[in-house]
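Following this line, the structures themselves.
Heads up, the next two complexes both have subunit A, just with different partners, subunit B and then subunit C.
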Partner chain A sequence: MQPIKVQRKIEPFIVFFVIASTQLGVGMLGFQRIVAASAGYDAWISVVIAGIATNTVMFLIYKMLKEEADLVSIHQQVFGKWLGGMFNLLFVVYFGYALLTVARSYIEVVQVWMFPDLNVFWFTLFFFILVFYVVNSGFRVISGLSFFSIVLPLYLILVFLFILPYTDFRNFLPIYDHSIKEILQATKDLTVITLGYETILVFYPFIKNGQKSEKWAHFGLLFTTFIYLYITFLTFAYFSEEQLKETIWPTLSMLKIVQFPFIERFEYISIVNWYIIIIPNVCIYLWCASRLLKRTVNIQQRKSVVGLLFILLFLIPQLETRYQVDVLNDYIQKIGFAVNYLYIPLLFVLLLIVKKVKNKR
Partner chain B sequence: MKKYILLFLCLILSGCVNKSIIDEVDIERGVGYDEASDNKIRGTILLSKYNEDGTTENVTMTVVDETSVNILSRLQRQSDSTIVYGSLKLVIFSEAIAKKDLIEISDAFVRDARLGSRMYFVISEGSAQKVLKGEYGDHGNATFISDALDHNIKHGDVPKTNLHLFVYDYTQKGRTAYLPIIKKLNQQRIDISAIGLLDRQGHLVDKVSVKDMFYLKLLVDKYSGGSQVVKLDGDRATIRSIHSKNKIKISKRNPLEMSINIKVEGIIQEYRGKKLTQKKIEQFEKKFAEEINQNTTKLIKRFQQLGIDPAGLGHNAKQQTRNFDFKKWDDEYKDLTVHVKTDVTILESGVVQ
Partner chain C sequence: MGFFFKKGNKQPKLKEQYSEETDTAPAKSKDEKESSYYNSETNLHFSIRYISTIVDQDIIQKNILPYLLDKQFASIADVKKILPIEDVQIETNEALIEEKLFNGYLVLKVHTDKQHVAFIAAKEVIVRSLSMPEVETSVIGPKEAFIEAIDQNINLLRIRLPVKELMIEEFTIGSVSKTRTALMYIDDIANMENVNTMRQRLQAIDFDQINDSSYIEQLTADNKNSPFPQFLDTERPDRAAGVLVEGKVVVLVDGSPHALIGPTNLVEFFSSPEDYLFNWITASILRLIRLFAVVFSILITPMYVAVLTYHYELIPKDLTATLITSRQVIPFPPILEALILELTIELLREAGARLPTKIGQTIGIVGGIVIGTASVEAGLTSNVLLILVALAALASFITPVYKMGNAIRFLRFPFLLFAQLLGLLGIVFCLLIVITHLLRLTSLGRPYLEPIYPPRWRDLKDSFIRLSFDKQIRRPSYVQAQKEIRFNPKHQKRRHDIEE
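The block that comes next holds the complex of A and B.
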């Protein structure tokens, strides 16, 4: 690996924004329905457990990154050049798939809520032109965009308070009315909204004093856990359990009740605002995929970005119905769970063993 | 170069989406559903036409069809401009519809992303079409009726209601929904004449008249301003800006008993009688509490007989019981003993003694 120039690296505290922005995304609009299906009003406990789980995985990731520079060199250490390269490519597919899910799910929201007769292809094309423009400018620009994607929509937190007159916080009682199994099932279902932080395995070499950024990464995860908990509390106090099971985007449906003298309906503003949240999300996945391709098969990053975008531009308009988008989300959920909670800990253990064996020699 | 590309994109992209110019569309503000022959529905929509001189003209259109969704598309065909319904404020169901198809029709309103959650569902005494055909106020009928409901919810005896709360109550286990009932008095006036109570299937089964609306609101909602007259041996006091809260609790298990604690605060605004002493005020407090106890207990008995639960006793019981069994609750509910305890505090008695 060539050393990365200092002027292309980011400050450690920016990691906070990058991690938070990868986690906050389109999943935030509709995760409540999925978790409430298995744990009902107790699902907020699952959000807390998911927060603990992501922080644990992050801890393992940093332990690994202390030994090795990034995912590619970890794979090389553990599996050797060829097998390691295979796993790298699997990660490219994974990031590409995650990108596809995020982009398609967001476009679906725009279709259902704002423009039912939106032409998906053209929308995606212009969306991708913007994404290309950002990714082309390098990781520093992406991280800067992450900063804005957290700071600018932060006011939405306050907007949610307008639903308070229509909430009943006693809905949570009795706390812990579901079995541990149900709550853990809900935690598993939550994977889809916690995904994204594993990208640090790829962009870690771009952080100045990498190990110093560890606390910021954890803060980022705690921040998103807090946001998710906040939204979960409000949603559960606002909807009845049955209603929640039928509402596909509870976060947006909740905003339907917010009304100002100058804006009758607020959810439209928030959907447009969500665009700012989605862009860095998509950019980071794309950047990571292309970076992995560069490190594995030595394709110029710009070329692989264009290539990936073309493939996605072809795929996205093919997925047309709600059912297909749902299936898409279902798979990312399962794959993401396997990657984050099974594969990364396994990789950690394997790396530990490999290092021990090599040291002994 | 980049700047020009950006400018170019701005120009071509802004033309990509369907536009709707406000002067060229009809804005649907209200809709009413009546029963028609052969199991069909008569739908009436109310459009607001905003004239240049600032007045609002009420235009209604009516068609008969099998489903509520067809009604809009048929009306669309009869209109010279596109009907948009993003700012729909009011949905009126006639009593006959409320006894039968209300829930089925309401699905369309919940499902549509373009509609807000604040719109009002109301039931009309008599035909909904007739209500929509009045000429109330200067700002259009829908605005008039929804404003009337707004301020009666804030300062009057109408319990808090809107589309979201209706669906919330209807779908929450251990709770049933209620909707306000309006009546057309004459061409210029309407009245909120009762609160309609719906059963678990969403059919109108009972009406709480104006006389009992105060007590109903104490049970299902909290007061943030209302007034009530209390009589005591020929003396009369009007209690105003009433604030209330209720707490529903399980007071005993096996057999289940529940208690409702109502806390009422108010100010005496008008008093007719001899000198208003502290002792007298206390007597008034006691009398008022007694009246509330009696009337709310009566209402709850009535709910139990009908198997409805607008106060959400079941929902509250569930919150206080682990592994709550709703099947068992359904059996128990009819003969459940409910104690109502009211605590009235009169804070002030005006500027004179």
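The block that comes next holds the complex of A and C.
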């Protein structure tokens, strides 16, 4: 691996924004229904547990990154060149799949809420032109955009307060109405909104003084947990349990009640805001996938970015129905859960063993 | 590119032609004068040569010839002693003659001494007097502006910064125009990396003519395909002196009343020198108003198009009623309506800028009032849009730096186009493209969007807002000045507790 120039690297505290922006995405628009399905209105406990779980995984990731530079070298250490390369490619597929899910889910929202007769292909094309422009500019620009994607829509936190008069916090009572098993099931269902932070395994070499960024990564995770908790609380207080079951995008439905003297349908503004929120999401996945390809099979990153985008541009218009998008989300949840909570801890243990054995020699 | 243009063949040819021409002695220009004299006291024959249009005849008649003819002028070395002129050089190098000749020197040759030549400075400097700043006007504060003569401009800066650390490096740029270009910085404050980058870029310029500092700006820009200016230009010595003290680099070009400042960032283009003259609260509010105006001027017409084309349910019904009534008789879709008005405003601006001031005002009245009202009455545009476009135009004039104002002026059109294509999403699409572009930009290698990204809370004290001077302890961090601290805050008065 060539050493990375200092100008290309990002400051440790920027990791906060990058981690937070990878996690916040389309999942945020509709996760409440899914978690409430298994744990009812105790699901906010699951959000807290998910926050703890992500922080634990992040802790493991930083322990691994202390030993090795990035995912590729970890894989090489643990599995050797060929098998490690295989696993790298699996990660490429995983990132590509995550990208596909994010992009397609967002386009679905646009279709349902804004433009019912949107031409998916052309919209995706414009979307990908922007994505290419960003990714082509390198990681520093991507991290800059994730900074903007956190800061610019931050005002939405205040906008959510407009729904307070319509909430009833007695909905939460009685607390702890569900069994631990149900709550853990809900935590598992939450995986889809916590995904993304594992990309740090790939972009870690681009952080100045990597280990110093650890606390910022944890802050990023805490920040998203806070945001999710905030939205969960408001949603549960706003909707009745029955009503929530019928609502696919509770976050957007909630924002419909917000009114200003000059804006009536505020959800339009928020959908537009979500465009800013998902861009870095998509860009980081794409960048990580192409970076892994570069490190594994030595393809020029620009070429693989274009290649991946073309594949996705072909795939996205094929997925047409709500059902297909739902299945897409279902799978990313399962795969994501396996990658984050099973594979990464396993990798950590394996790396530990490998290091021990090598040290003894 | 090599497929379309065959590179590398043409350039050497051009050079050959050029050098051939200079090698053979060119025909004498009419203003090139040569005359011989005889000093009877020392029995010396000598001749002088000069370009009559750039030397001061007065100096020759009063300060040179009388001394050469009457004093003890025995050999060429005496010239230095007898002449009351300080800049006298005695050289052996014949090749210098032409250069010196065209720089306003008198070339003196003594018939007995073929080897040595004396160059006597007799340049006539035609300088217009100092005038008020015309682009960066201010109500209060200094009223002097740079002029075209570089020495005068340097003088203006020297007077403001009378320290030995103020360094000036001079370059001659332009193969034909031989323009004098000065690179200025304060030695113990400026970051040498910035100075070196600028110096290298200046030395690397290969162009025939430098007419103005804008040429240098474009030739040394980090990204030449960006609509955004990457150097700040100013005609105010107070601003130039101010940034020198901040640790930045200033480039002055002979023949240009505008100095270039680098490195700079986006926010600096929206700060006016006047901001430092008001107290910090007023200045901060003014800056915020300016930034709001810029965003407003870019986004308002595209928003109008987006909302009226796609999202009319976005606005409350009372407001919709107003909009619909004003558009009732308009036969065009909103985008066409907006384009017509925007183009009209651009035409008016361009016409106003090209015409002499007095006619310009008439054009403003004709355009603003007659065309505006008439087009509304004729039912070609809605009066709501007319108000919006006029406000947007007004807001775009608020940018203190003219070049930035121009960049912003044209940013609106892609936004309009995408607003028509994708509504609000199109506007955000454009916004993200612009943000990405700005993230990519650098000025002298320093990030252009600083202090927004990379976020530097410390630099916010003099960006969107300007805090009071006693809070400006450090210089802006993106400049990475050698001396970061401006003054020692310990000398400040301690804040007392509440008076009892």
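We take it that the second predicted complex is superposed on the first by the 361 of 361 C-alpha atoms of A that agree within 3 Å, B and C clash if a C-alpha of one lies under 4 Å from a C-alpha of the other, contacts with A are read in each partner's own complex, and residues count from 1 in each chain.
Here is the rule we go by: contacts are C-beta pairs under 8 Å (C-beta built on N, C-alpha and C of every residue); 3 or more make two chains touch, one makes a residue touch a chain.
Since this is a predicted model, take the numbers as computed values, not measurements.
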Looking at the overlay, what does A:Tyr275 touch: subunit B (first), subunit C (second), both, or neither?
second
Does the superposition put A:Ser137 against subunit B (first), subunit C (second), both, or neither?
second
Is A:Glu242 contacted by the first partner subunit B, the second partner subunit C, both or neither?
first
State whether A:Phe126 touches subunit B only (first), subunit C only (second), both chains, or neither.
both
So, does A:Ile263 touch the first partner subunit B, the second partner subunit C, both, or neither?
second
Check whether A:Glu11 is in contact with subunit B, with subunit C, with both or with neither, and answer first, second, both or neither.
second
Overlapping contact positions on subunit A, where the subunit C interface meets the subunit B interface:
115, 126, 259, 264-265
Quick check on the complex: what are the subunit A residues that touch subunit B?
112-113, 115, 117-119, 122, 126, 166, 170-171, 173-174, 177, 238-243, 252-253, 256-257, 259, 264-265
Residue numbers on subunit B that touch subunit A, as the complex places them
9, 13, 16-18, 86-87, 113, 115-118, 162, 164-165, 167-169, 171-173, 175, 316, 319-324
Would you tell me which residues of subunit A are touching subunit C in their complex?
7, 10-11, 14, 110, 114-115, 123, 126-127, 130, 133-134, 137, 140-141, 144-145, 147-148, 259, 261-265, 268-269, 271-272, 275-276, 279
Would you tell me which residues of subunit C are touching subunit A in their complex?
310-311, 313-317, 319, 421-425, 427-429, 431-433, 435-436, 439-440, 445, 449, 453-455
